[in-house]
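Every chain is named by a letter (A, B, C and D) in the order it is written, and numbering of its residues begins at 1.
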Amino acid sequence: MSTRARPVSASAPLAPLLARLQQVRATSERICAPLAVEDQVIQSMADVSPPKWHLAHVSWFFEAFLLKPYLPGYRTPNPAYDHLFNSYYETHGTPFPRPQRGLLSRPTVAEVLAYRHHVDRCLGELLDAPPAAHAEEINRRIELGLQHEQQHQELLLMDIKHILAQNPLCPAYRDDLPVPPTTSSNKLTWHSYPADLRQIGHAGDAFAFDCERPRHRVFVEAFRLASRPVSNGEYLAFIMDGGYARPELWLADGWTLINQLGWQAPLYWRHGDSGWEEITLGGRRPLDHHAPVCHLSFYEADAYATWAGMRLPTEAEWEVAAVDAPRQGNFYENDYLQPVAATAQAGALQQLFGDVWEWTASAYRPYPGFRPLAGSLGEYNGKFMSGQMVLRGGCCVTPGEHIRATYRNFFYPHMRWQFAGLRLATEA
Amino acid sequence: MSTRARPVSASAPLAPLLARLQQVRATSERICAPLAVEDQVIQSMADVSPPKWHLAHVSWFFEAFLLKPYLPGYRTPNPAYDHLFNSYYETHGTPFPRPQRGLLSRPTVAEVLAYRHHVDRCLGELLDAPPAAHAEEINRRIELGLQHEQQHQELLLMDIKHILAQNPLCPAYRDDLPVPPTTSSNKLTWHSYPADLRQIGHAGDAFAFDCERPRHRVFVEAFRLASRPVSNGEYLAFIMDGGYARPELWLADGWTLINQLGWQAPLYWRHGDSGWEEITLGGRRPLDHHAPVCHLSFYEADAYATWAGMRLPTEAEWEVAAVDAPRQGNFYENDYLQPVAATAQAGALQQLFGDVWEWTASAYRPYPGFRPLAGSLGEYNGKFMSGQMVLRGGCCVTPGEHIRATYRNFFYPHMRWQFAGLRLATEA
Amino acid sequence: MSTRARPVSASAPLAPLLARLQQVRATSERICAPLAVEDQVIQSMADVSPPKWHLAHVSWFFEAFLLKPYLPGYRTPNPAYDHLFNSYYETHGTPFPRPQRGLLSRPTVAEVLAYRHHVDRCLGELLDAPPAAHAEEINRRIELGLQHEQQHQELLLMDIKHILAQNPLCPAYRDDLPVPPTTSSNKLTWHSYPADLRQIGHAGDAFAFDCERPRHRVFVEAFRLASRPVSNGEYLAFIMDGGYARPELWLADGWTLINQLGWQAPLYWRHGDSGWEEITLGGRRPLDHHAPVCHLSFYEADAYATWAGMRLPTEAEWEVAAVDAPRQGNFYENDYLQPVAATAQAGALQQLFGDVWEWTASAYRPYPGFRPLAGSLGEYNGKFMSGQMVLRGGCCVTPGEHIRATYRNFFYPHMRWQFAGLRLATEA
Amino acid sequence: MSTRARPVSASAPLAPLLARLQQVRATSERICAPLAVEDQVIQSMADVSPPKWHLAHVSWFFEAFLLKPYLPGYRTPNPAYDHLFNSYYETHGTPFPRPQRGLLSRPTVAEVLAYRHHVDRCLGELLDAPPAAHAEEINRRIELGLQHEQQHQELLLMDIKHILAQNPLCPAYRDDLPVPPTTSSNKLTWHSYPADLRQIGHAGDAFAFDCERPRHRVFVEAFRLASRPVSNGEYLAFIMDGGYARPELWLADGWTLINQLGWQAPLYWRHGDSGWEEITLGGRRPLDHHAPVCHLSFYEADAYATWAGMRLPTEAEWEVAAVDAPRQGNFYENDYLQPVAATAQAGALQQLFGDVWEWTASAYRPYPGFRPLAGSLGEYNGKFMSGQMVLRGGCCVTPGEHIRATYRNFFYPHMRWQFAGLRLATEA
């Protein structure tokens, strides 16, 4: 987070921030609106949280880090919420065990919404007359809270998809999603980058997470990058070529995993009456061969790249290519909530942003000189820097304003309920 | 089930049965009425089912075994329900995996209730004009369906208690339960029975489950039986005497279990500010030392008996003592939904029925000459006759008309979320 | 154990017992003689113990219960053995964790043999001049120690078979086992027993385990018993008829188990080039269709009986039939170490003793009036009386003098590395 | 492996290589010589292999990749060995399941040694008259086989230590290890390195593993490196300061792990009568406060560095510092088989090589332009490039000639049975 972000005149109301806050907070509730109450209680695997838990947790974040320290006389609706909705801040208190979030029927959805509105009202009070001595820190934390809630908006849509997909009734999250445009094949081309000493990482005053900093030098050998992500049709060719049965294509951990779990295709692919289908947030649909392949684990992305005689790009390579690209694409606001095929754009890299997160070849580790935030907020990113891989570019359920070229997302290599695909790279 | 139960004149409407059916069906919904929708979705452990699943499953039972075979032109609201709500009838189809019942947000509670009412209407039609050729079998199956639903009424209350007990907010199922009468100590006395060739098991035309038949001879050596179940106060003395730390008191499997799971007291006991408390369906309450101890596993019941220098009664001994006792006690209808202390009744055995199921020393095995029901209904009881122990007498959440002296309930020895306690026995 | 067994004149040397002791102790070592040192270290599953552990444990039994209490000045070769070789006597000390027995390379086989010989020498001293005050108890405990060692002789052969069977090299335990006589088919006939009040259990002064006592009355309804155990050929017909794929034949726990583990046949059956083969202690052999089927779990035995329209006998039925039968059969001393086909014997029940343990329908529970031995030896049998089923009659690796009609063996229903088969029974 | 290594005149005998081969092969057997046969059978956890398995596997490597392809008419002593001793070469055949290596009593130790000698003889034949067309590849593979066997020499000593440490008898591997010199405290100093574009990775014709190549450019920011590894005394201060109880010091995965497993100290530390002791290959010894701390997981190394306000070096930083350092230290040949305190050496970095492997901050991932070996040998390193961290410098059980500055060792972050410690680094 910037240490000099958006300087404010102390004690002045933070009105513009408040408007943005209200908009972000409303979005979270809008995401849950199409759900039945019953949908909001389910935890379909340990990595998934019940939607109502998300709604409460992001409110707890504001309560724990803004209202309790800075709003004089603040009273929580229920002191037990500090335990129930603490996700993983061990230095703040004892988090309720993650795998048991689905055992909590109470607070009910209505009570969670009341909690949200209580927090909203109190945040309004705080921003209306912020204590002068803390206005800058309040500003910073509100910004962090907003970004945090946007991350959970994406998590909500990932988790809702997973929850509904468990059900043999195949319920759709929404029946009114727009139909993606039909597109013909989009030839993959290669973009070349010379070897050079580059700089990556976030600089400047605008918001970024601590893990994106500091901006630093890195030498990047010459490389080539594919013009677009790998498509469903291309991934299908890998499957048809025995991709899931050829150990020489796989990392050892991946080979063990796919054999233990019996994986034969991406997470939401199903055999339908007339070929492959895909579970989407709009229900079950025929597989679109031109759309980017999605819901791959790192192991599958890596095996595909090996099969193709290529490799995944490093995060530095990806950032070098993306730094000047327009930050536009198929995001949450496009309302497809599913990756769609790119329309041909001669000469440009396509879909760097939006559609699917792109697995990189880079482990999620600290940048040289990395410093986590002070206090409990230091647990936000830094403590997850082992065992995970970096993904870049955002996806079709990421709020568009949340993403940037330096953004580092991270998941364990076996995870694939996030909207993750891949883009090929190779030596020059 | 009796093969000559309640003979009916073929094709006559089965009006009295219908009235009883409606009453039993209404009770299930009344049990769930105090719940939030959210409470009805939770599966707090593999043995527990979400309340809405229970409501649907008992309806499925009528659909699968009555409506589909006997109501011409019957149409199900959703063919997938035959998979989702089949509990364990492998010969009927593929049951939905039990440990995943808590992953089903749909059908919603409202949809489940609609399913119930659809089944109710169709059962009304069927009973209004039963096909003559099948009237007797329909009668038998309706009776079985009713008894089955009553079993699930008890399961509902067991499961609701378990679901709510997971929550650190300690929500009560109901705030309006009557307060049990305060009672002073009730001295335990002994009743003696001479050695004799006895008969146990169900005879006659009235309903009983297949596993209670046939009535048969068994030689029972002389024994003595305690006048009432072991109380919380007595069990507390066992705990204070190091009961959970003395291996010589325990069956080997029990000793392993309590050490693995760290058990130190009955399931719902908690340390409160001023002594032991107990989670009840009415919320957290101080432990009533005179009430029967409840929520014990077989291992704990057996260890207590060993510590007391006694043993558990066999199911034959229990039945010999109970056969002439009045079938009255603290049942579901009493609305305590918790075991209560007995009022002294000079000379009589107390609380044989109601309050707590009493663990017996007998493994749940077939009686000599046992024959399961024909077809898929043969899976009802017989296939569970390994690894489980018999409990007798019903409890405070059992519908009173559901119980009888020959009734054999059964649970695995490690289970204790049912309302189970014990009564001591010894050689004469 | 008898409380009045073989009265001795105090302080007289116990010479006859010593001779028997030496013979039994020598047998254990003879059983291990064909093994490589490496074979004696392996624990192929948690239920199996390394052969050298058996050799040490039975010596520890004598040390802990005879030498330490009764031989003045006794010194153990290593005080740590009291921990390492205590099997499950929790009141004696802390047993070394059972599943970790295979992690102990030391003491070596040579050191274990030295330990044995040390114990043998000291037992010789003790029996040569037993302290008068304890002579009777010493006599009782020596007898128990002998019986205990005989039980471990059978366990050794079970475990050796299991250890070697893990190895793709298929090593034989011995290459010099006698070839069983070839036999033609042996028609199964039925023996009838009228309903009667019977007595079962051990009486008299001769040795028997505590769990075989007291002799007591039991009413046994009329029944019929098969003349011989079920054969491999008959069991093969069950398999060919889809036995392992038909849920209606199985207890629920068994159905779950065989599907989880993929069981399709008895434990040691393998598909060979020309039909079914069986792993034996003499190596891999073609399946003998006339020999009793062996290495079945209780669930398989029960499913077979259901398929055949019959049931398993209760232990009382079995004992009623066996009480007057000659105690002869195919035992360890016959040196086949594998069940063999019976030779036709008109009119008599065959193979009640030896060949295969016969699963009964009875759970292993205490007889009315059961009293375990005093002190730590009370843990010998009593604490295992939950979750297990009774087997009767001994098998081809049981020392012949160890068995009797009242003998109650017990295993969990999923276990099948013991030499267990079944005999059919039915109502009269 | 070098593609131009040590050019040979085709068909000339490879005599010098043969001498080295014989020396390396003899070392493996010398390592196992102090063991009892029983010690060689144990697999104390899934990561450990029985010593006799190591002895056989390294021979299988020569058989599979040298003798079968290149020695005309080669016959294996047992075709099943190709299954049993294949470690993880999935493209070569089906490896025997790793966690079951401890279930194989056969082949015996003697048979394994016979297999070794058979392979040795045949390798002699092959090297005596290598087929001209393949001499270069044979030369390369012999070199790889030697390096492979040296890796297993270290694994043997790690595994032997772990196997013996399971045993409450605390057996020493050897009683004749030299006593390390007693040393007084050795002040830690800091060495500074300016920011620069560096080169790392192996170049030239000498042997190196494929993962050490290609040499490539990397920009390294200015950093400082500690003069020696962290000592036991320093690590003890971390423990005394509550290091294992403070979540803010730990990576999230590490915090979960230490709480699940109850870790409170390095793997082989034990509380003794007069303070901390350490299990070594020479038995249990008082902890040497000046010796480098050893048997740490990556999580513990990282938490220590965080506590100290520092960090781990990246592998590039380490290599920059080590590239010109003399390749000497406390290796296998020094025969301590335990890290020892450094003797002060003014001005120099100490103990970069030997004593303990040093955890780096770098995930084990391919270098830019990495190419695995062709064929099955490509599985040697590349497929393990996920989830693991790089360690550098070798340790006290590494053969001295096996190590070099570019050497990349790798383990999962939770592993700590290898001789692993840490050296601190920080920004300049």
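Simple rule for what comes next: a contact is a pair of C-beta atoms (placed from the backbone, for glycine too) under 8 Å apart; a residue touches a chain by one contact, two chains touch by 3 or more.
Just so we're on the same page, UniProt names per chain: A, B, C, D = Ergothioneine biosynthesis protein EgtB.
Small disclaimer: the values here were computed from a predicted structure and weren't measured.
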If a chain touches subunit C and subunit D alike, it appears here = none
If you average the Cα atoms per chain, which one ends up farthest from subunit C?
-> A
Between subunit B and subunit C, the Cα-mean centres are separated in Å by 38
Distance-wise, how many Å sit between the C-alpha centres of subunit A and subunit B, to the nearest whole number?
-> 47
Chain centres from averaged Cα atoms put subunit A and subunit C apart, in whole Å, by 60
Numbers and ranges of subunit D residues touching at least 2 other chains | none
Considering only which chains touch which, label the overall pattern as line, ring, star, complete or other.
-> ring
So the touching chain pairs work out to A-B, A-D, B-C, C-D
For the subunit A and subunit B complex, residues of the former touching the latter = 36-42, 44, 52, 78, 80, 83-84, 96, 100, 102-109, 163-164, 166-169, 171
Subunit D-touching residues of subunit A, taken from the complex the two chains share = 88, 90-91, 195, 197, 216-219, 221, 247-248, 250-255, 298-299, 302, 311, 314, 361-363, 365-366, 368-369, 378-379, 383-387, 389, 413, 427
